[in-house]
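First comes the structure, then the notes that go with it.
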Amino acid sequence: APVTASAQAAKEQFFPVLVYRTGAYAPNGVPFANGYVDYLKLVNAQGGINGVKLSFEECETGYATDRGVECYERLKGKNGGATVFQPLSTGITFALTEKAPADKIPLITAGYGRSESADGNVFKWNFPLAGTYWVAADVLIQHLAKKEGGFDKLKGKKITLVYHDSPYGKEPIPLLTERSKMHGFEFSAIPVTHPGVEQKAAWLQIRQSRPDYILLWGWGVMNSAALKEAVATGYPRDKMYGVWWAAAEPDVKDVGEGAKGYNGLALQHGAGQAKVHQDVLKLVHEKGQGTGPKEEVGTVLYTRGLMSAMLAVEGVRRAQERYGKGKVVSGEQARWGYENLALDQKKLDALGFSGVMRPISTSCADHMGASYARVHTWDGSKWNFSSDWFQSDDQIIKPMVKAAADKYASEKKLTRRTPEECQS
Amino acid sequence: MADGSVILDVRNISLRFGGVKALSDISFDVREHEVRAIIGPNGAGKSSMLNCINGVYQPQEGSISFRGKTFKHMNSRQVAEMGVARTFQNLALFKGMSVLDNIMTGRNLRMKSNLFLQALRIGPAEREEMAHRAVVERIIDFLEIQAHRKTPVGRLPYGLQKRVDLGRALAMEPQVLLLDEPMAGMNVEEKQDMCRFILDVNEEFGTTIVLIEHDMGVVMDISDRVVVLDYGKKIGDGTPDEVRGNEDVIRAYLGTSH
Amino acid sequence: MFYRENGQFKTSYRADQQIFPIRQDRIAILLMLGFAFLVIPAFASEYLYRAILIPFLILSLAAIGLNILVGYCGQISLGTGAFMAVGAYAAYNFQVRIDGMPMLLAMLLGGACATAVGVLFGIPSLRIKGLYLAVATLAAQFFVDWAFLRVAWFTNNSSSGSVNVSNLSFLGIPLDTPVAKYLFCLDVVLVFALLAKNLVRGHIGREWMAIRDMDVAAAVIGIRPVYAKLSAFAVSSFIVGVAGAMWGFVHLGSWEPAAFSIDRSFQLLFMVIIGGLGSIMGSFFGAAFIVILPIMLNQLPALFGVQIDTALASHLESMIFGALIVFFLIVEPHGIARLWSTAKEKLRLWPFPH
Amino acid sequence: MSTSPNILLNVNGIEVIYNHVILVLKGVSLQVPEGSVVALLGGNGAGKTTTLRSVSNLLAGERGDVTKGSIELRGERIERLTPAQLVQRGVIQVMEGRHCFAHLTIEENLLTGAYTRTDGKAAVAQTLEKVYNYFPRLKTRRTSLAAYTSGGEQQMCAIGRALMANPNMVLLDEPSMGLAPQIVEEVFEIVKDLNQREKVTFLLAEQNTNIALRYADYGYILESGRIVMDGKAAELRENEDVKEFYLGTGGAKDDSARKSFRDVKSYKRRKRWLA
Amino acid sequence: MGFFLETLFGGLMAGMLYSLIALGFVLIYKASGVFNFAQGAMVLFAALAMARFSQWIPAWLGFDNRTLGNVLGFVAAMAVMVAVAWLINRLVLSKLVNQEGITLLMATLGIAYFLDGFGQTVFGSDIYKIDIGMPKEPIFILDRLFEGGLLINKEDLYAALIAAALVAALSLFFQKTATGRALRAVADDHQAAQSIGIPLNRIWVIVWSVAGFVALVAGVIWGSKLGVQFSLSLVALKALPVVILGGLTSVPGAIVGGLIIGVGEKLSEVYLGPMLGGGIEIWFAYVLALLFLLVRPQGLFGEKIIDRV
C-alpha cells in the first residue's frame, strides 16, 4: 500500500501520520493506522476539503518516544508544513507537548494523552478530543454504580485497577482515588510491567483479594494476557471492564470463548458498520486502494482511526470557514478550527458517522469537546453495546483538570490565556 | 654478595588445593642482593610458591616475612608496595595495551595525582606523567624494545612479550624481583641477552632476584643459591655446586645427563 | 603519500604524548572542529539538528561514558539506561526544587547522583565478572526504571510519572533554538571527550585497562581492583548521567522512564562495540552509525521514490540494521575506530604496501 | 616445482599478512619428507609459529592470510581446507602456549584429542594408556581441571592431546617450552620413538636449537620471515654461524666448552644473513 | 496457607517456563561460548513459523485436521529453524571464530534484529494462534483442605513436564557423550578445538539447530499461552536472571534457576509488591540473581570462573 501520496503541488493539506505497525503493540497499532489513512483517502476520493486535496505520510514510531520525536521533526516541515499530529502514544504525546507550541502545530489525542490537557487555556495546542482517561474512569465508575443500584451501593466494594506500568496506565489513578474517597469503595491498583506478558503474580493477588470488579488499563498483548490469566485463575470475565484501548478485537480475538462476557468502554463508538464504513469500502477499498484487509473495516480500532482522522479533517474544514474556503490552512489556523469544532448531529450524519459517535463541540477553554462513553461487551464473536451513554461528572473532573493544569503552568512558567486572547 | 641480610624469609609454608598438596612445609630464605634460583620438575610447586609470596594464593600454613616483618597472609597490594615485583610464566601482559603503557603500569604505584588533575592534565599531573615516562624510556632502551614502543603487546612474538613482562616488573624499581621462567621459549643468544639483563639489574641496582628456570646451564651459571622443590617438598638448598652434587636432586630432577 | 609522519621527530616526551601526535591528524581535527562550529550552523536544517545532530552528540557523550566502563575497564554493563535516567531525574529535581539553579550545575549534580548510584551498582563487580556481571547490571536497569515510575517524589508528584523542564538557559543565553542547543551540546561533549581522553591516557586509565586485560596480574603490580573498578564505574556513570540529563533537558524536554529503557542500554552498547571498545574517537563513530543508520534506512526508499509499506519498511530497516551490525563485526571485530587506524596505517604505507 | 613422491609437505613461497597490513612471512619455502623430523629454527618473531599456523590453517582466527604461494600435502593443495579436514588427513598442530581446555579435566582434554577417530573406544583407550605411559605425571593429575595444572603439565597435556588423534604428521610449536630438562629429553625421545616406530612425520619449531638439531634430520633457519639457511641437521650443527648464534658455542670445539652465561659481557648484535 | 501454596506453585510453573527459554541460552553458551541474545528472537521466529505453517499447510493441502496441521506445522517450523541455524553458522559464526565474547554477543544481537524483521516480514505481525489443545481452564485440588481449593493450571503443568524432559535429555547429552565433550571444548577455546580437528562449523550447526528446537518448543508453549506476536521475543528478558543464577554452563542449572526465580519473583510480588507499590517482580528477579552471584560468582551450577597466572 502506498505510504506517501505526497504533494505534487503545494496546494495540498499535509497530514503526517505517526503509526506503529511493528513491535510489541503492532496488532493494535495497525488497524488504527489503517483506519486513519483510509479516511484521508476517502476524503480525497470525495474531492478533498472544499477542493483541497490531502496529502499524508506515515512514519513508524514503534511506540518509542525518541522515534516518535524523530518522526515529528522529520514530518513537521514537510509538504508545506504539518497540519496536526496524532502521536497515538501517551509517551510521545508528553514529548511533543513540549515541542508543538514552538512549532505552532496542534496535537490531537482523541481518547488518550494527558487528561489535564483538556484545559485549553494552558494546553493551547493539545486536543484530547472526545474524552480523556479521567472521563473513561469516571464513566466506568458510574456504570458500576448503576449496575449495583446506586453510588451508595459501591460502599465497601473492592475495585482493582490492573494497569500498564507507564504514564498511560497511571492516568486514571487520581480520578479513581478521588471517586473511592467519595463513595467509600476500596480501590487498589496493580501495575503490570511492559509489555505485560507475565501477569501471574497480579492474578494471584486478584485471586486472593477477590475484587468485585477489575478495571483493565492495558495496551497490546497485556490485554489478551490479562484475559487469559483471568480464565486461568477463574476470575469472572463479566466483572472485568477495560478502558477503550483495552476493548477491541485484537484484545479478545485469540482468547476466543474465554473472553465472553468481558466488558470494555467504547470511546463514543464501538464496532459495527455505519455509512462511513460503506463509503470507505466503496470509494477506497473497491478501487483497490484499501490500506488493510477489507474485513478490518468496522472493527473497533479501525473505526477509531476513522474517527480520529475525521476530527483532524473537520478541524481544517472549520478553519477554512474562517481563513478562506478552498485554501490550505497552516497549523496555527488549523488550531483555531480544532478549538471551534461544532460537530452537531447533522454534520455527523452528513459525514456518515451517525450512530458511531455523539456531537462534539470544543471551545477555547474546553479542548475535549465531549465527555461521553458507553460500555460494550464481547459475546465471543463480536462487541455489542451493553449500556447507554454516560457523561462524566464535570464537578469532579473540572477541578482536577484545573489543578493539574495550573501545576503544569507554574512549572513551565506559562500564563493562562485570557478570554480576549482566545478570540484571535 | 650472597652474605647480605635476609630480606625474604619463607617459613613452613603449606598450600593445598582440595586433595592436591602443592607445597608442604617449605622454608627457605632469600638474602639481600643475591640471585636465588628455584628449580624442580613440572608441577613441583615453584610457581605456586611465587603466588604465595605475591598474595595470589593464601597458604594454609606458614608465614612469610619481609625485612623482618612477618605476615600470615600476603596481600598483593602490600607486597607490591614493599617492593616486590614479578614476571609470569604464562605471560600475563595487558594484551590490549601498547608496550609503553604496559611498562608504565609498573610505575602506577608511584603516581599520585588524583582523578581531577589527571582529567585536566595540568601542572603536577602532566609533570608526573613525563617524569615517569622518562624512567620507562630508560627501561625500554635497556631492554632494546624501542622499535615496539607503540605496538600492542598482543602482536609481539613470544620472546619480546617476555621482555616486556620483565620491563613492567623493572619499572616498579623493585627490591626483590621474582622471575618465573623468564627464558622459556628463547634461543641461546636470547637467553644470553636475558641473563645479561638480569645480572645487570642485580649488579647495578642491587635488586634481589628469585628465579625459576628449567635451563640448568642458566641456573648454574648465574644463581648464587638454589632451592630444589619436588612435588611440594624441598629436597635441596645450597650453592649450585652443592645442589648439583645432591643425590636426591639428581634423581628427582637433573637426571644423569647433568 | 601525503599521510606521512616522516620528518616529524618528537624531541620531548610531551610532544610524543599529545593526543594526536601526527601533524596531519591535528590538521584534520582542526578542520573537523571548524566544520562543526562554523559550517554546520551555517546550513543545517532544524530537522538535522533535532533529529540527528543533537541526539548524536548526546549519545556520543553517553557512549564515551560507557566506553570507559566497558572498553577501558572491561566491565560490561547493560544498565547504562538506568544511569542516564538517574542523571536526568536527579538534574530535574535539582532544577525544580532549588530556585535559580543554573541548568549546567543541575546537570552536573545529576551526573554526581548517577555516580553514586553507579558506584553502588558497581560494587558487585568486585566479585562478579564478565557476562554474569553484564546480566546482573540489568538489575540496575529494571530497578531504576521501576523506582522512577513508582516513587512519586522523584517526579515531583506528577500524576502520570512524566516530567518536563522548560526555559533552559546556559550562562544566561536561552537555549531555545536548535542552533543554540546544538552548540551547547557540542561544547559539553567536546569538553567531556577531552577530559575523558586525558583520563584514559593517564595512569588511572592504565589501571582500568590493566584490570580489563588481566586482573590478577594487575593486582600483583599493586593495582587495587576495588579502586580501579569503582572509579571506572564512578567516572563512567558521571558522564552517562550528564548525558542522561542532557537527553532529558535538551533533547526531549519531557520524558518518562521509558526514554531510558533497556533498549537504550543496548543501543549504547552497540555504539561502543561498533565504534570500537577502548577508543574515545570510536564512541563518536559508533554513535554516528547507530543514530544515523536507522533513520537513513528508514528514509532510503522514499529518497529513491520507491513506495513501500511502512511496516515492511521498518521490518526491512530492522533486518538491514541487524545485517550491517554483523557485517561490521565480521569486517573488524574491534570496531570502526580500528578500521580507521588500519586505514591510516595503510595510507602511511601507500603506495608501496610492504 | 614438482613434488617428489616421498615429500609429505611442500610449502612453496608463501607470504602471510596479519590484519591486512602486517607482512610477516616473505616467501617461505620448505619441504618435509615423509617419515622425517624437520626442525624450524629462528629467533623470536622470526615467523616460525606463523609458518606452522599457515600449514594447519589456523591463521584465520588470528586474522592472518596466506596471500601468495602454495602449500601441498602429498601433492594436494591444502590452503582451502579447514583445520578439521587437515586433522582428518592426519596433520595436527600442537599450539604454542598450550591452549588446554581450561574447564575440562586433563583426561577429558586428552579424550577430545581423539574426536576425529573412528576406530572405536578400545583403540582410543589404548592410545590413552600410551600417552599416560609417555607422561606419567598426567596420569596422576587426570581428574584435575586443566587450568589448575602447572605450566609444564599443561604442555604435556597439549602434546598428549595431539597424539591422541593418531596423527601421521605433527606440527610441534615449541614443545620444550616450560618443561623440566628431563621431560624435554623425554619429549624428544617420544618424537624419535613415534618417528621410528610409527613413521610419524614431525615439523617442529623450536628455540632449543641444541636438542632440536640433535633429534632432527633436517633444519631450516628462519629470520624475519625468510628462510636464510637450511641443511642437514648434522651439517647445521657444525656451521660456525649456527654455533655462534643458536648453540652458544661459537668458536669453541664442543658443547661442553660453551661460555658461561655469567661471562657473556656485552649484548650481542645479531648478525643478519639478510639485511 | 492455601494462598501461599498457590503462589508457590504458580511460581514454580512460571519458573519452568522461564527455564525452557533459559535452556536455549545455556545450550549455545555451553557449546560455543556465545551468549546468544537472539534466543528471544528465535523463540518468536519459531513460534511464528509454527503458527503460520499450521494454518497454511492445511489450507494448501486442503485438509481440515488440527492435529495433523499442528504436526506438519511443527515439522516445517523445525526445518526452518535448521535452515536458520545453518545460515547463522555460515554467514556469521564461521567468520567470527576466535573473537571475544562480547563481539559474539553483539553479533547475536544483530541476528536478533534480523530475525525480528525477517520473521514479521514473512509471517506477519498480527497476533496468531497456536492451538495444540492445551487445556485452559484451571483445576482445583485439595478443596477439602483449603477453602476454594488450590488452583492449578493444567497448561502450566504440561509445559513444566515437557521442560523437565528436555532438560534431562540435554544434561545427559552434555555430560556423557563424546560430542558433548567436544562442545564444551569448543566453548573453552575455539582455536585449540580447531587445532585438534573438531569441525566447528558442523558442531555449530548442530548446536544452533538444537537451540532452535528448544526455541520452537518454548515458542509453542508460550505461544499457545499468550498468542504469537512480537512480545514473545521479550520473554527472553525473564530468562536472563535464570541463566546467570543457575550458571551459564549448566543445563540443570537452568531448571533450578528457573524454579528459584519463578518462586522468588511471584512471592515477592505477591507479598512484598503491595507494600512497594507493585511491579517489583522483574527487578526482584535480577536482584535475587545478583545476591546469589555474590555468594557464587559462577551461578549455582556454573563452571568455576578460572583466573590463574
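A few comments on the model shown:
Which chain is which? They are A, B, C, D and E, in the order written, and residues in each are numbered from 1.
Here, contacts are C-beta pairs under 8 Å (C-beta built on N, C-alpha and C of every residue); 3 or more make two chains touch, one makes a residue touch a chain.
All of these numbers come straight from a predicted model, not from anything done at the bench.
The fewest steps needed to get from chain A to chain B, moving only between touching chains, is 2.
Each chain gets a centre from its C-alpha atoms; the one nearest the centre of all protein C-alpha atoms is C.
For chain D, the chain with the farthest CA centroid is A.
In this assembly, A is the chain whose CA centroid lies farthest from the centroid of chain B.
Chain A and chain D have Cα centroids lying 74 Å from one another. Centroids of chain A and chain E (each the mean of its C-alpha atoms) stand 37 Å apart. The mean-CA centres of chain D and chain E are about 44 angstrom from one another, to the nearest whole unit. Chain C and chain D have Cα centroids lying 46 Å from one another. Within chain C, residues 146, 149-150, 214, 216-217, 220, 311, 314-315, 318 each touch two or more of the remaining chains. Chain B has residues 56, 88-90, 92 in contact with two or more other chains.
In chain E, the positions touching at least two other chains are 120, 125, 277-279, 282, 308-309.
Within the complex, the chain D residues that touch chain C are 19-21, 23, 26.
Chain C contributes residues 342, 345-346, 349, 353-354 to its touches with chain D in the complex. Interface residues of chain B, counted against chain C in their complex, comprise 54-56, 76-77, 79-81, 85-86, 88, 92-97, 101, 104-109, 111, 113, 115, 118-121, 125-126, 129-130, 133-134, 137, 168-169, 172. On the chain C side of its complex with chain A, the touching residues are 45-47, 50-51, 55, 96, 146, 149-150, 156, 159-162, 164, 166-167, 176, 251-256, 258-259, 263, 295, 298-299, 302, 307-311, 313-315, 318. Those residues of chain D that touch chain E in the complex are listed here as 56, 58, 60-62, 82-88, 92-95, 99-104, 108-109, 111-113, 115-116, 145, 147-148, 161-162, 165.
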